[in-house]
Amino acid sequence: MSHNTFGHLFRVTTFGESHGPTIGCVVDGCPPGIPLEVADIQGYLDKRRPGQSRFTTQRQEPDAVRIVSGVMPDDATGQALTTGTPIALLIDNVDQRSKDYGEIREQYRPGHADYAYDAKYGIRDYRGGGRSSARETAMRVAAGAIARKVLLSGPRVRIRGALVQVGPNVIDRSKWDDAEIDKNPFFCPDAAAAVEWATYLDGVRKRGSSCGAIIEVIAEGVPAGWGAPIYAKLDAELASAFMSINAVKGVEIGDGMSAASLSGEENADEMRASTDGSGPAFLSNHAGGILGGISTGQPIVARFAVKPTSSILTPRRSVDKYGDEVEVRTKGRHDPCVGIRAVPVGEAMMAIVLADAFLRHRGQVGEGSGRWPFTRPQTP
Amino acid sequence: MSHNTFGHLFRVTTFGESHGPTIGCVVDGCPPGIPLEVADIQGYLDKRRPGQSRFTTQRQEPDAVRIVSGVMPDDATGQALTTGTPIALLIDNVDQRSKDYGEIREQYRPGHADYAYDAKYGIRDYRGGGRSSARETAMRVAAGAIARKVLLSGPRVRIRGALVQVGPNVIDRSKWDDAEIDKNPFFCPDAAAAVEWATYLDGVRKRGSSCGAIIEVIAEGVPAGWGAPIYAKLDAELASAFMSINAVKGVEIGDGMSAASLSGEENADEMRASTDGSGPAFLSNHAGGILGGISTGQPIVARFAVKPTSSILTPRRSVDKYGDEVEVRTKGRHDPCVGIRAVPVGEAMMAIVLADAFLRHRGQVGEGSGRWPFTRPQTP
Amino acid sequence: MSHNTFGHLFRVTTFGESHGPTIGCVVDGCPPGIPLEVADIQGYLDKRRPGQSRFTTQRQEPDAVRIVSGVMPDDATGQALTTGTPIALLIDNVDQRSKDYGEIREQYRPGHADYAYDAKYGIRDYRGGGRSSARETAMRVAAGAIARKVLLSGPRVRIRGALVQVGPNVIDRSKWDDAEIDKNPFFCPDAAAAVEWATYLDGVRKRGSSCGAIIEVIAEGVPAGWGAPIYAKLDAELASAFMSINAVKGVEIGDGMSAASLSGEENADEMRASTDGSGPAFLSNHAGGILGGISTGQPIVARFAVKPTSSILTPRRSVDKYGDEVEVRTKGRHDPCVGIRAVPVGEAMMAIVLADAFLRHRGQVGEGSGRWPFTRPQTP
Amino acid sequence: MSHNTFGHLFRVTTFGESHGPTIGCVVDGCPPGIPLEVADIQGYLDKRRPGQSRFTTQRQEPDAVRIVSGVMPDDATGQALTTGTPIALLIDNVDQRSKDYGEIREQYRPGHADYAYDAKYGIRDYRGGGRSSARETAMRVAAGAIARKVLLSGPRVRIRGALVQVGPNVIDRSKWDDAEIDKNPFFCPDAAAAVEWATYLDGVRKRGSSCGAIIEVIAEGVPAGWGAPIYAKLDAELASAFMSINAVKGVEIGDGMSAASLSGEENADEMRASTDGSGPAFLSNHAGGILGGISTGQPIVARFAVKPTSSILTPRRSVDKYGDEVEVRTKGRHDPCVGIRAVPVGEAMMAIVLADAFLRHRGQVGEGSGRWPFTRPQTP
């Protein structure tokens, strides 16, 4: 992907720094005629918004989004519709406290991008992490909300994310209950795990420490045929999308890394004739809904791992920009586990990738895909 | 990435099917003046070439590559040099046996892309898997050889890959010896593991089964500053590159998925002043050499998991293109573990990503990066 | 456009030099299921092929094209169909005479790209002009033949080009007869002009001189709605496409440069209700079928000017690569007017741009465009 | 170019409608460390700003630009510097009068994009022309101001535009005086012509009519070697850039369309050894500074023609969105000759194309271009 733009036909460009006046994005290539109001976006932003529980940063950002272009009230109904031209979204930053960052102006925080930015550009906006801050992900969530509307305009794609691991603590998959996900501050589908995580994270937070997490994102209702060989594989696009999220170090599709340990017999997702004519009935989903880079009609299942927040209170050894050795202890307001707020971000990136795949598929092949089963040629 | 093209400034486009007359690639955007001969490419192709041990497919392809454009003998020395125009590489297929594939013309092999291609395009080249065959990776290796030459033309980047897991069998990292990698048919850096794997894989092969694998690729000598925020992060490009390889289901950078289990203290790669002036001395490399999407000067460490070969002798339940239920048993010649030959492919993709990152960085920032340490401003 | 690739969804990448062994192209993103055989391409190549009259270069190139990937015989009919994967086309060069170019190895021919290539790359393939030779346009014509098939697969777009000016000699537009275009060696729609041009060009040729030309390309049957604001305007894509052809110095849409001299009243293409329901009936076409970067349903009319062939027998003053002053007199075999063979090239570029616009439009908007007239909302 | 984004490494994305709250752009890929303040941009915006003379629209827009991201005060000097991250620019619209456009809500103005937008999207923002308004060009000018700073950061490129024709009235090139360009409201380099144009345009304006114009843009100081074969030719990029400006119907490089009438002898730009070692001394510039798509070191000379403003008071026949025939007479505030304000827009597009070409060239070839003359190999 190019610079700060993601996508080919459905394209998202973001801009803005953590402590600048405004962050924003441009969503270009959106199909016309799709109802779009602030409320469609704000709900997803509120899920990602900081300061909602003691487990996320206490920075208070209302994240009130404005739509400044690309929509138009319908003549007849007055309903705002997309026009097909670029949709620009803006969010003003309101709770910057740049003075918290006085020390890191010169010091490189271990695990952060401070040194890397300086090495690349010779200059960096250190205020709140500048462009490298996870604040950028608010615009991904906003753009993702538009992508979801695209995915509902023709296909009926439903995307849901969940936290499946916090630090070393893994959910019990037998207890997965979608209804639980919005009932706890962790987007955890296992009610019992959520209770344990609260205790665990209180400990992490009180120690001034941090922990990592694993997020799972599932898309249901994706028709067979999206994606494309070779370098435009749907899983390659998803890998790029998830790995571009701050602090992500690993991406898995279907069985992911553990696919290495399977036998060919175990790994084969067998198929039977379906009863509803929508495609073959798969008997398992080790592939995570993607074969040869193309969706199979099964749920698309992806996971990504977020490393522990690099901002911790324990002093760490480092250097400053002048080459001197220092000890760094990061004050300021931080998430003890950035993985929590990465759940809506992961959902958004899944939506953006799929909206783009939908339009690209329709461009090359048209609207008549999903032909299976084929008609057997007549033999005389 | 667009369709069958990878990269932005250093761009690789591949074409060709498993049983077509010719496969090829176009490497566009290569810097001029770089010595390039067939021998520079052929050595890497030979590492990937099938039929070299009993552990890979017995298809016999000499993979003799021709350079048909983009090079020119130097006036003075006669040495072939790149001219900056597109370099096209061609390899003729010689050992196609399409009759082996008569049955899969109508049947969908579980784990293969057969159904997905039919669902997308309404037509597929079933002969040897057509475009979805790993045969395409020969051109990645060829293009990767050119990328390596680019990486040696200015920076001194060294890339090496190794197999670190076969089925459930993991190497002992304390026994890692680079010199072992080319001494066994598995690219295994642990001599003892290689012996065990031979036995294990003989069993897999004799059962007509298959197994997965994990490949690790390391790039040393990458200067700090390559890559870019946000969607062009170096790790996002690598994730896309590796996930685009056939059968890959997971990608990790540095600690990868296990980063989720670390504490912030453990995960922080501390820094000390370096003695050689080349950048900070990092005390660990959990980040895999990339922070904020930008290289740090540490070795870049990536891993990817390859699922077991889907072509197995054990019958599996499936459907055919007409909607009827069938049992599929894949004859033909196949790798019991495609992960082995994925090692040179992984190296090639690392090289392609880095060559592109090198040129893009030089485009935006010029040749004067790596400024650290900065001069401290004088205070009067 | 990126390097040697043109297009976004329908993408053409070309490679090869004038005196290399092979030239070729990769057509990526072609819709599947389109009948495609060598004969579909060869006919257009034959129109462009050199050595067919005394008015073009005497180099003898059969331009026999091979399709090496991306097609597959249909199960039932045996007819070759596109599969949606990259279509690679190869043409072997057979009549290179590199010894003709011994002198220009060191000398810069005025009007040619010799100096510019050396200044950019520090090296150039001087043999027959290398990559800067119009030989590359053979692959445009081949790719354009595929684009035409795409344009006939859904819409019914007809593209025809003609030479409308040779040197200072302009056709009489009142005598335009499409049937004449293929009856003379100039693609001239005015039979009387063609006779005069033959005499004129014989003079040019015998003097060892050359002349320029203007080509007009018209596309009929393009539905309203293709193209897009702002930087993807259909006319901007056409301008890029035509200006990328060797020796082109100007591009016009509709009235082109002379639009500057019109009044607003003259320039307005008035509309009336159509009788056939296909869109408004336009009363004129000053706009050349494009408004706001989007097709209007009228014929798309474009023109481009080709400068005189730079290879002439009259000595011209120049310098060589070592900085010494020289006199250059270009022997070898050349077209006295490259504009003639630019006609099929211009048609091809029009087809490529439109095929890409067709797919991109279908991607964003789907197949239901062309809604006009709208239903008037009911007022109670 | 993709949708609303122009450029490859130096990328400009614009958004916003004529009567929306805000228009803006994102400039991505800008090199770091370049001084950038509002004043650097505002001066160019003021040249394009409407309402400055009786010859342009009376809409009053202060066009006060804000820089909301991508810059950072230098530690030592406090001077704002680019950081290498996306630079977002915003301009609030203040003088919208949407009620002027009540009628065109349903009517299609001849020569405007009204029908084309409706045919494509099924919906359009008719208020002030929405996205098709020339208001978008304000952001081109703003982005162009940043491109100029890039072009001054290494090379010393100077760009100047001028109006060379208004309606049928052409300047006398022998009277060209750069100093005159900023002394009249037309950017006219010929003082006598400017006086005549004022009279001519008063007549046009009083009749409620409009006229076209031709703009010439010249870039001096561009080193040899920028641009690239084949589809990335510098002239192809310029053609795309200029043709994407509202109302442009023709683009010329160097001699442009009239190159068709030259003989090969006339067209050849002869070269002599230069006295200053900066490249060959060209004796003429028919090529407009570009050969083979690559700059030659001569001034780059381009022209584009703007059609007459389509908004005129004289009634024109048309249809409305419901298929009924209507007469359209465009009230509202309009430029009698949009070509005037297209001068700074043309300069901006030249700057954007060249900044991108500069970065792309540096990416592929590095900073060591311009090698001519080469050292002659020693013969023993």
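A, B, C and D are the chain letters, set down in written order, and residue numbers restart from 1 in every chain.
The rule is short, and it goes like this: a residue touches a chain if its C-beta (ideal position, glycine included) is under 8 Å from a C-beta of that chain, and two chains touch if they have at least 3 such contacts.
The structure presented is a predicted model; accordingly, all values stated were derived computationally and were not measured.
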{"item": "Contact-graph separation of chain A and chain C, given in steps at minimum", "value": "1"}
{"item": "Longest centre-to-centre distance from chain B, chain (CA-based)", "value": "D"}
{"item": "Pair sharing more residue contacts (C-beta pairs) when C-D is set against A-D", "value": "C-D"}
{"item": "Whole-Å gap between the CA centroids of chain B and chain D", "value": "43"}
{"item": "Geometric centre distance via CA averages, chain D-chain A, whole Å", "value": "38"}
{"item": "Centroid distance [mean C-alpha coordinates] between chain D and chain C, Å", "value": "26"}
{"item": "For chain B, residues contacting two or more additional chains", "value": "2-5, 8, 14, 29, 32, 75, 84-85, 120-122, 131, 228-229, 365"}
{"item": "Graph class of chain-chain contacts, one of line, ring, star, complete, other", "value": "complete"}
{"item": "Chain C-touching residues of chain D, taken from the complex the two chains share", "value": "1-6, 8, 14, 108, 110-113, 115-122, 131-132, 136, 165, 167-168, 204, 209-214, 223-233, 235-244, 248-273, 279-280, 283, 286-288, 290-297, 303, 305-312, 314, 316-319, 321-325, 339, 361, 365, 369-376"}
{"item": "Partner chain A, residues of chain D touching it in the complex", "value": "2-5, 8, 11, 13-17, 20-24, 26, 28-29, 32-33, 66, 68-70, 72, 74-75, 81, 83-88, 90, 105, 120-125, 130-131"}
{"item": "Footprint of chain C on chain A - complex, ascending", "value": "8-9, 29-32, 75-76, 84-85, 154, 228-229, 359-360, 362-367, 377"}
